[in-house]
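The following pair of complexes shares a single chain, subunit A, combined with subunit B in the former and subunit C in the latter.
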Partner chain A sequence: MKRLRLDRWGAQFLPPQYQVPRPRVLCPYQQASHDHRIQHSTRFYRSTPAIRDTPDYEDSIDLATPLEQLPSPPPKLASSSAKLAALHARLSLPSKLPLHTLARCLVDASADPSPDFNNSSLAILGSEILGYHTSEYLLCHYPRLPMTVLFAAQYAYVGPKALRSMTLEWGVEVAAEPGGEVDPGLLQLKRLRPEEAVIQAGETGRPNQQWAYRRGTSSRIVYDDQFGDLKKDATTASGNAMVVGSSTAQGPGATDEEASKNFVRALVGAVYLHAGRAAAKRFFEQHFLSRQLELSKLFDFKHAPRDLSRLCAREGFESPVARLISETGRLSRHPVFVVGVYSGNDKLGEGAGASLDEARIRAAAAALKGWYLYSPIDAMVPSDVEGGDKEKKKWEPAMIDIGEIIT
Partner chain B sequence: MPLQALRTVARSQNGVGAFILQCKRLDFHYCDWAGSSKGMNSFLQSHLPAFAASNPQIEITVSPRPRKHPVIKGTYINGREKAVCVRNMEVKEILAKAELLRDANGEKLRKAKKPVKSANESVRGIWDPFHGANWSI
Partner chain C sequence: MKRLPRTARSVDLLLDISRPTSICRSCRLRAAQQSALSTSAIRREGPVPFTERIRKRIYGTENPPGQEDPYARNSPLRQTPETREELRVLESEDDLTVQKATPESSELANMYEPANSWDSLEWVGGEDYLEALKDDEKPYVGFMHGTKVQDNDEIRAALRRAVVEVYTLHYAGREDLTDVCNARHNDDDFKSLLDRNYEWLALSIKEPRIKFAIVKRVMQLTGIRLSDYAIQTSPTVEALLQRLTTKPKPKKLVEALHADSRFANLQNVKLFERRVTPIDKEKQVGRWKVIEEALVNRDLPVTGHQ
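Showing the complex of A and B:
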């Protein structure tokens, strides 16, 4: 199996103009607080566009511009913000991650359109890292998960709503209005005003977009994002940070949800860039994977008995038969029937319902969930064996299922 | 569409993976003149630096509140506030109050009636008459 070179992702997602040689001015976000680590982490500089050596960057910092005229707080204020330091400690972020980068993660592209100062480039990297770790966990631990449920599970772990609630649970407050004088520990965004909130049809990256064809599951895998949703702007997905920054600048503001989503993603990207792959994975496991999600409640079967009989036919089992196990009060106002579905002598599932049909359908759904939610014991994910450590575990290939039932 | 999925959001379980301290800010209010702030003033000078250093997760602000009793006010992640008046208290008592506010989760105090509260379904399930030993009359 070919190893994913995660450490190169940062550079791959940047447009060519950012892949410049190291500038003579080091990244200001690190220089201030971590001079002794600069030699250690120079390899990360390639991947952050914050170090683009442009004269306007130095002008904006060195000249005595009034803070009120800056779109976002200058990086030098980050080290004096109590909110920012408290947030850093509250999230137990690695000490390699400087406060300046954390401050930059909190600046949304709607507040500061300049990609040198906003979090758009970090958010792209963080989005890929989150998507990678979530999908490898789900695919290796639940190899038979149907595609739609896989989409929903990813949405539940790292979807915009989950990231928004995570931001709230981290105690991150949103600034009323962005600006240079605002505390850098607040999430900076320019809010979308209600009259501007019209749905803008962006480029979704689908062929024949104007015809609004039906979106089947297979085409969602190819064309849509990791949650099976239409891409808002296909140029965003290709990882062009410059386009993200500039397009949002002309557009209206952002919602709290979008800004929170970008903040969390940018933070994951920043942890990855400053502290490395292992720290990013640990951060993901502690903050994302530790959340509780009941996968069995994500299923919404339309024709469970039909799916089950197709499954049995495909797997070579005897065709399922529903049998009544017990019942009470058939002629009463609230009868209860317990029905099991059997394949030969094996009971595949059991369900209770107020009518025979309901119980049969519940039993078939239970049997299908039992199949789809199979989880191998001691499943490994590819990132467990990433890295050059000799003490790492040996890779055991993950189970690949032939797929869900197509009816 | 044979099988569709329902969208939901995974619930956080604070402390299972990462632990987020629920107190995010502590405001210390004092008065330079009034005698009820005597303990508070010596707390601010002697104990607060060490308290702040040992609790870096909390943003700490100190501000005067002239001609009023000294107050410690905690702001929590769930949006609620808790304020404790520390008038005429000794330094040790004020430290205990600050630690109480730090350790609180910001929710209203309520009695825990059940020993275990769980988000998971019971493994045993609710009782039903159709399983287990049959009852013979």
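Showing the complex of A and C:
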């Protein structure tokens, strides 16, 4: 099978002389108020990409065009932005990643609808990379996680809320209004206006979605996104195909959370394209896996004792028996019972509760968590042996569990 | 009863009749009447001081032995023989002036006529007065060059000339090297000294005589004053030249910062040509165009007052 050369796909992120010139669409905000300037302010880039001696492809913009009329800052301003350079240094980004690409990562599709200047394509790539690394980490290190917990953990690591908080932690500020005069180091988005409803009418990709069927876990794996949620807008998720054609059309605005999510994803994609797979994985480990997540708190059992007995039956253990280990204040207002769940002579779990039943359920939940949260020692992930590290490490197949208990 | 000593009053000047004065006699007489404020008459001590009379009475003779008055200002105890001789000469001169002045003052007093208008009076002060004071035949020429030399080449030529002249005198064995300043400069042979050979710049001028002469000469030729600190911290001719030819001062702070190479390599530092105003800050976050449009829609002034 021929290997995919993703880095060749990123030719548009290379230095500008290798790019195919494209027309730049003006900011509709300014179109409304400065209509008289519009007819001469729309300029097209050179029609031929053969001229490679002049690296500044922004030269073709009419110099008389005010920066305010551009929907996002021209790329040439990126090298003079102090905020951008500071952000680049603060994140310890690889030096191969130029400031121009970092500036592009900060332009949301709601600010600049042109896919040549916004971060939508980078965000798609970065989303896949983030999802891949997160899911391989979770699957290889916690092979018995139930699917719903896996979705929740994925959401906690690389979900929109996590990425939003990471953007805040990185010190990325949001511009009040997008435009060409804005500092390229600010996150640019056109904000959702208060009167605008969040349009959820997009294609979810599910069959028979008009019937609003119950979404089972299996169908969530097949049809929904990496977090098990409905795909909100199929057109957005499938590469902005609609936006490319109608470049002047302004879609609804975005929220800070959406724009931050796209920025972080685009940044990961940019690191991947410019610095390679290893750098992208290192960036992921340093910024995402370093965040502590308590997986044991993601569980929510409805019938823990029954799940446990099913599990024991499936695994061939003796059926679990709850035994009272100790108790205090049985006749008082606050009694405490400590109950252990035993399978034969092996104690599977232990729990304390105010009643015997509560302690028994807690003990069963603890036993289930002990089973589901099993983590093999020295677990490897597939990306460890990808690329040039093939000689150094040898792939040890990851443990694959037969799955969770379905009751 | 002895009269109490009285502090000098301005009117006392009028009372001294023996002094030659231009004040008329009637005014002086009136002043003398007004000054007679004391209840007791002035008791004249006469030619013999009180202490002397006491001494005479103690000794019982007209010429008592010993010093005349140990506390007097002119007491012989306070005088060295030299000062005593000087004092004697001065006193004799005082007598002469007094003898001269007395007839003169009376003569002047008789000739005095009060002026009725200022036309015939001598006029002192004003521009015409200063013009009249000027001596055209021998105009004043200052030691230093009239205007400061600005051209760096000219300054270097002047310094080279000063160095050559001073070392010439030095090797000729002249004692006073500052004689070079006696030659007045003329600009023609001044410029011709400039060449592209810079070896003379490395000359040491640590010897104070030579350094003083060179500095004096170059200050005379260029009109540039050097501070003591600049002179002391210039061990060579080149250092002196650097002190003389200062770099042009940048007009704005940002020019100086742009010239600083430390900032050129810092990407996270941005230098602005002018003050970053609140409008600039709003523009940087993109809010200004919104504000501007809202103000225009409401017919309000965008900047300033209406």
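Note that in this section the second predicted complex is superposed on the first by the 322 of 407 C-alpha atoms of A that agree within 3 Å, B and C clash if a C-alpha of one lies under 4 Å from a C-alpha of the other, contacts with A are read in each partner's own complex, and residues count from 1 in each chain.
By definition in this document, a contact is a pair of C-beta atoms (placed from the backbone, for glycine too) under 8 Å apart; a residue touches a chain by one contact, two chains touch by 3 or more.
Model, not experiment: these values are computed from the prediction.
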item	value
If touched residues of subunit A are counted for subunit B and for subunit C, the larger one	B
Partner chain in contact with A:Pro178 - subunit B first, subunit C second, else both or neither	second
Subunit B versus subunit C as contact partner of A:Lys297, first or second or both or neither	first
Which of subunit B and subunit C A:Lys76 touches, first, second, both or neither	neither
Partner chain(s) touched by A:Leu186 [first = subunit B, second = subunit C, both, neither]	second
Which of subunit B and subunit C A:Leu289 touches, first, second, both or neither	first
Partner chain(s) touched by A:Trp170 [first = subunit B, second = subunit C, both, neither]	first
Which of subunit B and subunit C A:Ala85 touches, first, second, both or neither	both
Shared subunit A contacts, counted only where both subunit B and subunit C touch the same residue	82-83, 85-86, 88-89
Contact set on subunit B toward subunit A in their complex	1-14, 16-18, 20-21, 24-25, 56-61, 77, 119, 128-130
Subunit A-touching residues of subunit C, taken from the complex the two chains share	267-270, 282-290, 293, 296
Contact set on subunit A toward subunit C in their complex	29-30, 33, 68, 80-83, 85-86, 88-89, 99, 173, 175-179, 181-183, 186, 188
Subunit B-touching residues of subunit A, taken from the complex the two chains share	82-83, 85-86, 88-92, 146, 148-149, 151-153, 155-157, 159, 161-162, 165-166, 168-171, 185, 285-287, 289-293, 297-303, 306-307, 325-326, 328, 336, 338, 352, 404-407
